[in-house]
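Here chain A shows up in two complexes: once beside chain B, once beside chain C.
== the complex of A and B ==
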C-alpha cells in the first residue's frame, strides 16, 4: 500500500469542500455542485486503486495505514453510496455547509477505517502515540462535521443537537481515557479490562448502544433526513467497523470481562431498540430505535467473530453495510414525504401504493431488507450472524436474536401494510431524490441474490 | 450451458415484469399462461429426457459463509410431481382469475408469477440457504395477494399469515444456520449429519414445516388466510403453499431416522385430521369449510409421511401421492366455493341451495371435488388415502388406521354436506331467484382441475410406478 496516496485520499475530501464557501460556487446551480462532488469521488476511486496497485511506500518506520479485504469492500461501498447520498443532500436543497460537513465526515471516516488495524496493533504489541492519535483525529473530525450536518433551525433539532454534542463529548473523554490507560506500564492485568471498558463505552456512546442511546432517536427525528441518512451510512458504518476490529483483537487478552460487557450491551440494545421501535408512530423515530437494535445485532456478531478469532470482520461489514443502506434510504423517503418540516406519522403513509407505486415499492423493499426477508441482502446479513453464533455454540443468543428479528419484521410489516392500504396521505414532490434510491434498491437485491459481490469488492 | 432448471424457475418472474408494458387484460393473461407453460415444458423435457438430474450453478465463497456453498438445482420424480401439480393448478387459476379479478390486474398477475417462481424454487433447490430464500420469498407475494384482493378481514388475516409463518420460519433459519455452521449446506448431505443435536435441529424444522402445513395446534393462521384470500389465491394457498410443508418434511425431516419425532408428528397429524374434519362439518361459511378441510387433509399428508418415516413404504407413497391429489382436489373445491359465493353473493351455506337446477357445470365440478375429498374411488384422493390406511396396518399401527378410517367418514360427511346444501338440498330460507351459470372463464378453470382429478384417480398406478417408487 502506498501510504502517501492513502493520506491524500483521507485529507482530500475535507479540503475539497472548502472552495464551496466561495460565493460564486455557492450560488451555482445543483448540477454544477453534483458535478463538482462527482469529480472528487472519481478521484477518490482512482486514488484507491493506485494506493493498492503500485509499490509499497510508508510514511514512517511503522505502518500507519492498513486495511483488510472486508474493510476495503466497505470502503468501496462507502465511496459509491457516499456520493449518492451527497447527491441526495444537494437534490434536497441542502445548503453548501451540509455538503462541506458531509465531505469532512467522509475524511474522518476514511481516517478511522484506515487506522483501525494499526491502532489495535499499537495497543497490544507496540505502544505508539501516533497510532493512537490518528483514529482520535478521525473520530473528532467526524464529530465536528456531524454537528454541521445535524444542525437545523428548529427547536427540537437544536435540543437534539445539544444532546448529541454532550454525549459525544463524554464519549470522546472515555475513549481518550481508555487509550491512555493502555499506555500504563504497571499493573497491566488489572488495568487492561478497565481500559477496554472505557474504550467500548466510548464507542458504544457514539454508535448509540443502550444505555447510551438517548440522543439517537431525537437526532434522527430532529435533524434533516438527508443528513441523518448520510451520517448513518458513512459515520455509523466506520465507527462500527472500528469497534469490530479492536474488539476481536482485545478478546485475545481479556475475554471474560469483554464477553460480559458485550453480551449485556447486545441484549439491552436488541430488546430496547426493537420493542421501542414497535411502539412508535413516527417512522423516523422507529428507524432511530431500529438503528439501536441493529447495533445490538452487530455486537452479537462481534462476540461471535471474537470467539472465532476472525480478524477480518467480513460478517460485520456485510451486516452494517446492508442494514445502513436500507435505513439511510428509508430516511430519504420519509424526509421527502414530509410537509412543512414536520415528521410524518405512519397514518400519513396510507394509500401511498395507489398514489406513488414506485415510492411504495422502494419503501417496502428497504423495509423487507432491513427485516431480513429474502431475497434481499438483509437476509444474508442475518443468516451470517446466526450461523456464526451457531459456530460458537452460543445457541441461546441466537434464539434471542431470532426473536427480535421477528419484532423487526412486525413493525416493518405494519408500515408496509399501511402503505398498501387505502387512504389519503403524503406524496413525494421532488422526483430528483429517486436516482440514488434505485441504485440502493438494485444493490440490495443483487447483493441478496449474490452476496459474493461483497467479497469481490474487497479484492478490487 | 444455460442452467435450464434455474431458467425454468425464474422465467415466470422475469416474464412477469413484461406484463407492465401490456395493456390488454386478455394479452396479460395469455403471457402469464405462456410463461407457466414454457417453464413447465422445460422441466418436463429435462425430466423425460434425463430423469433425475442435478445442475450446478455456482459457489458462494467461504469468506462470508465460513464454508463454500455450492448452489445446486435438481429434479426427480417427487419434485416433478409437485411441479406438475403447481403448473396444473396455475393454469386453472390464471384462467379463472380473468373473470374473478376486476381491479389492479397487472399487479395481481405479476404477484402470482413471482409466487410461481418461489414455489418452483422450493421444489428444485438442493442448497439449504437458497431453499430458505425461496421459502421466505413465497410469503411476500402471497401476503400481498391476500392484502390487496382479500375479503373484509384481509388486513388482519394477511398480517397473521405473515407473522405466524415467518416466526416459524425463523426457527428453520436457526436450524439451517446450525447446519451451515457444521458444513452441511445441501439437502442431500443431511443424511450424513450424525451429531447428537440432530433431534433438536429436526424439531426446529418440524415446527416450521407443520406451521406451514397448517397442522393442529400450529394452524391458527390458516382458516383466516384461506377464507379471506381471493378465490384463486385460496386455491394456491391450500393446493400448493401448504403442500410445500409436506414436501419439505419428506425431503428434510425424513432424511434422518428420528422415530421419537415421528411419533409426535403422527399423533399431531391424526389430531389435525380429526380437528379439521369436525370443524368443517360444523362450519357454515363455504370458504371456511374448505379451509378446515385443508387442515384435515394436511393431517393426512403428514400422517402418511410420518408412518412412512416409521417404516411403511405404502404410507410414504400414500402421503406423497396425496400431495398431488389434494392440490388439485382442494384447488377445485376452493374454486367451486368461490364461484357459489359469487353467484349467491354470500358465503353462508344456509342461504344457498338448489343450485344444480341452473348451474349444471358448477354443480358437476362441485360434485367431483366433494367426492374426491370424500375419498371416492376413481377420483384423485382415493389412492393416497387407501395407501395410508394400508401403511398403518403394514407398520403394525392398526389403531392409527382405524382412527384414520373414522376421519375419512367425517371427511365424506362434510364434503357431501357441502354439495347437498349448495346444489341439491332445499334450504330453510326460500331463495327468491336462483343464480344462472357462471361465466366461461370460471368454468374452464374448474374444468381443467376436474379433468386432472379424474385423470389422477384413474392413472394413479402410472404416477406411483414412474414418479414415486423409482425415486424413494
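== the complex of A and C ==
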C-alpha cells in the first residue's frame, strides 16, 4: 500500500471543497457543481486503485494507514454512494456549505477507516501516541463537518444541533479519557476495564447506542433529510467499523469486561430502539430509532466476531452497508415528501402507491431490505448476524435478536400497508432525487441475489 | 460405446423428445409426432438392449458419477447412476413396454386431438421411470419418483373435461402424496443417520444405524411403496385411475409405475442383505410388515376383483393383488434366503409386466370397438359384452394368453414365476401356516376372476349384438408380440439375466398345489358362469351380502370418503382454528404490550438536554460498574 497516495486520498475531499467558498463558483448552477464533485470522486477512485497497487511506501517507520478486504469493500461502496448522496444534496438545492461539509465528513470518515487497524494495534500493544491521535483527528473532523451538515434555520433543527454538539463534546472527552487511561502503566488490571468503558461509551455516544442515543432521533427529525442520509451513510458506517475493529482486538485482552459492556449495550439498543420505533407516527423519527436498534444488532455481530476471533469484520461491514443504504434512501424519500419543511407523519403516506407507484415501490423495497426480507441484501445481513451468533453458541442472544428482527418487520410492514392503503397525502415533486434511489435499489437487489459481490469489491 | 454416454442417452432421449414434442408438436402433423415418438421409444429400447447384452458380466454393481457433459451435473444433487441386475431388468421392462404402448397408442389415440400433450407426457413418464431405476442416490430417486407421480396424475386426468377423470387424477395424486411424504421423511432420517444418500456409500454405512432407527427408516420408505404400488390402505386410487386412457392404464398403472414401489423395496433389500451383508432378523419388523401388507392386499384385491363388472376395474384390482404377491415374496426374507425371495419377486415382476400389459391392451381393443356405440362409461362394463371371440379372434387369443399367464397355466410366463412364489410360500408352511393358506386361496380367486372375465367378454352369449369394427393392425400387432412374449419371455429373460432364476423345474408339492388350484377354479367358473347350475347361489342372503361387500370393495373407499376424511377435516379445522385463535390472542397481547412499552418509552424521551446528560452519565456508570464487577463473575 502506498501511504502517500492514501494520505492524498484522505485530505483531498476536505481541501477540494474549499474552492466552493469562492463566490464565482458558488453561484454556478447545479450541473457544474455535480461535475465538480464528480471529478473529485473519479480522482478518489483512481487514487484508491493506485494506493493498493505498486510499491509499498510508508510515511514513517510504523504503518499509519492500513486496511482489510472488508474495509476496502466498504470504502468502494462509500465512494460510489457518497457521490450519489452528494448529488442528492445538490439536487435538493442544498447550499454549498452543505457540500463542503459533506466532503469534509468524507475526509474524516476515510481517516477513521484507514487508521482503525493501526490505532487498535498501537493502543493495545505498542502504545503509540501518533497512531492514537490520527483517528481522533478523523473523529473531530467528522464532528465539525456534521455540525455544518445538520445546521438548518429552524427552531427544532437548532435545538437538535445543540443537543448533538453537547453530546459530541462529552463523547470526545470520554474518548480522550479512555485513550489516556490505556496509556497508564500502573494497575493495568484495574485500569483497562475502566479505560474500555470510557472509550466504548464515547464511541457509543457518537453512534447512538442506548443509553447514549437520545440526541439521535432529535437530529434525524430536525436536520435536513439529505444531510441525515449522507451522514448516516458515510459517518455512521465508518464509526461503526472503527468500533468493530477495535472491539474484536479488545476482546483478546479483557474479554470478561468487554462482554459485559457489549451485551448490555446490545440488549439496551435492540430492545429500546425497536420498541420505541414501533409507536412512532413520524417515519423519520421511526428510522432514527431503527438506526439505534441496528447499532444494537451490530454490537451483537461484534460479540460474535470477537468470540470467533474474526479479525476482518465482513459480517458487520455487510450489515452496516446494506442497512445504512436502505435507511439513507428512506430519509431521502421522506425528506422529498415533506412540505413546508415539516416532517411528514405516516398518515400522509396513504395512497402513495396510487399517486406515485415508483416512489411507493422504492420505499417498500428499502423497508423490506431493512426488515431483512429476501431477496434483498438486508436478508443476508441479518442472516449472517444470526448464523455467526449460533456458531458461538450464544443462542439466547440470537433468540433475542431474532425477536427484535420481527419487531422491525412489523413496523416496516405497517408503513408498507399504509403506503398501499387508500388516502390523500404528500407527493415527491423533485424528480432529480430519484437517481441515487434507483442505484441504491438496484444495489440492494443485486447484493441480495449475489452477496459474493461484496467480497469481489474487497478484492477477493 | 462408453457406458456413461449410453446411460445418458437412454435417460435423456425420452426427455429431449418429450420437450421437443411439447414445444414444437403443435406445428407438425400428428403423423410426425407419432413417428417421432415411436423412433424415440425404439432407440431407447435398442440402447437398453445393447446395455443389457453387454453388461451381463456385472458382478455386483457399477456406479457412475462422472459424466461426459457438465450439463449433466445437476446443481441440486450429484447425478449418480447405479447399475446392477435389478436396474437392468427394470430398464429392459420399462423401455420394452414403453415402446409397445407408444406403437399401440397410434391406433388407440388416433381420434384424440390432444395428441401433443399425450405423447409428451408418455415420453416424460418413460424418462422419469428410467431415471428412477438407474438413480444412484435416494435424492435423485425421489426426484424421479415425483416426476413419475406427476405424469401419472396428468395422464389419469388426461380427459380432464370429464369430472370423473379429473377427480380420479386428484385422488391418485393426493393418496400417493401421503406415502411420498412419509417416504421423504424416511430419506431425511436416512441422511441424518448416515450422512449420505448415495447407494454405494449407504451399503457401507447402513449397518451402523441402530436397529430401531433402521426399522423406522425402512418402514417410512415402505410407506412410499405402499402409495405408489397401491397397497392397502392406500390402494383406493388405482381402480379410479382407470379413468385415464387404456394405454396409460397399461403402461403406468399396470406394467411399470406401480412396480416402482416393489422396485424400491427390492432395492433396499439388495442393499441391506446382499451389498451390506445385514442379518434379516435385525429388520424383522420391516420385513414382517411388508409380508403382512402384501398378503393382506393380495387377498383383499383378488376377492374384490371377483365381483367387478368394469373390465378395467377387474384388471386394476388384479394388479393390486399381483403387486401384493410381489410384496409377500419380498417379506419372506425372514424365512428364506433373501436372494431367493428377491429373485422370485423380480421374476414375477417381469412376467406380470408383460401379461398385464397384454391384458390391458386387449381389453383396450374391445373397449375401443364398442365405445362409439355404448359410450365411454358403459363400454367397460362386461355385462354389455359377450361373443367377442367370433368378432375379434386375434384379440381373443391375446386376452386368453394374458389370462392364462395370470392364472399360472403352463407354459405361460405366469406359471414359472407363480410356481417360484408358491414354492417359497410352502417353505414357510411349518412356521406360518396361515400365510400359505391365504396365498393358496388368493391364487384360486385370481384364476376365478380372470377366467370369469375372459369367459363373459369373449365366449358368453351377448345380450345385444353389435356390429363392431376390428382394431387396426397397429393395435393388434403389439398384442401378437406380447402374446408371443407370454410364452417365450422367461427364456429371453433367462438368457439376458442369467443371475436370476426365471425358469426352474417345479417341485412336486408346488406343482400339485398349483394344478389343484387351476382345476378347482376351472370347475367353479364352469359351474358359475358357463353351465350355470349355481347361478342362483347368490340369492342366498349371506352370499348376497358378501357379494355386496365385495362389490363395494369392503366399503373402504366409502369409509374414507364418508368417515375418515370428514373426521380428519374436522379435526384439522378445529386444531387450525384453535391454533389460529391462540396465535391471534398471543400476537394481539404482544402487540398491545409492545405499543404500551413504546408509548411509555416515548414519555421518557422528554427532549430536555439535562435529561440527556443525566442519561449519558448514568450509562457510563452502568458500563463502568459492570465492566469491573463482571470480572469476578465466573
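What to note about this one:
Simple rule for what comes next: the second predicted complex is superposed on the first by the 459 of 460 C-alpha atoms of A that agree within 3 Å, B and C clash if a C-alpha of one lies under 4 Å from a C-alpha of the other, contacts with A are read in each partner's own complex, and residues count from 1 in each chain.
Operating definition for what follows: contacts are C-beta pairs under 8 Å (C-beta built on N, C-alpha and C of every residue); 3 or more make two chains touch, one makes a residue touch a chain.
Not measured: the values here are computed from a predicted model.
Taken together through their common chain A, the two structures put chain B and chain C in a clash.
Once the two complexes are laid over each other on the shared chain, residue contacts for A:259 go to chain C alone; chain B is not touched.
When the shared chain is aligned, no partner comes close enough to touch A:358: not chain B, not chain C.
With both structures placed on the common chain, the touch criterion links A:390 to chain B but leaves chain C unconnected. After overlaying the two complexes on the shared chain, residue contacts for A:196 are found with chain C alone; chain B is out of touch.
By the document's definition of touching, of the two partners only chain B reaches A:315; chain C does not. Once chain A of one complex is fitted onto chain A of the other, the partner contacts of A:133 are absent, as it touches neither chain B nor chain C. After overlaying the two complexes on the shared chain, residue contacts for A:410 are found with chain B and with chain C alike. In the three-chain model built by superposing on chain A, chain B overlaps with chain C at stretch 182-190, while the rest of 92-100, 110-118, 182-190 or 416-424 show no clash. Comparing which residues of chain A touch chain B with which touch chain C, the overlap comprises 410.
Residues of chain A touching chain B in their complex: 69-70, 314-315, 318, 368, 373-375, 379-380, 382-384, 386-391, 395, 398-399, 402-403, 405-406, 409-410, 413-414, 417, 420-421, 448, 451-452, 454-455, 458. Across the complex, chain A is touched by residues 591, 594-595, 597-599, 601-602, 605, 607, 609, 611-613, 615-616, 618-620, 622-624, 626-631, 633 of chain C. Within the complex formed with chain A, the residues of chain B that make contact are 60-61, 63-66, 129, 132-137, 139-140, 144, 147-148, 155, 158-159, 162-163, 166-167, 170-171, 173-174, 176-178, 180-181. Residue ranges of chain A in contact with chain C, taken from their complex: 159, 162-163, 166-167, 170, 174, 190, 193-194, 196-198, 200-201, 204-205, 210-212, 214-215, 217-218, 256-261, 264-265, 272, 275-280, 407, 410.
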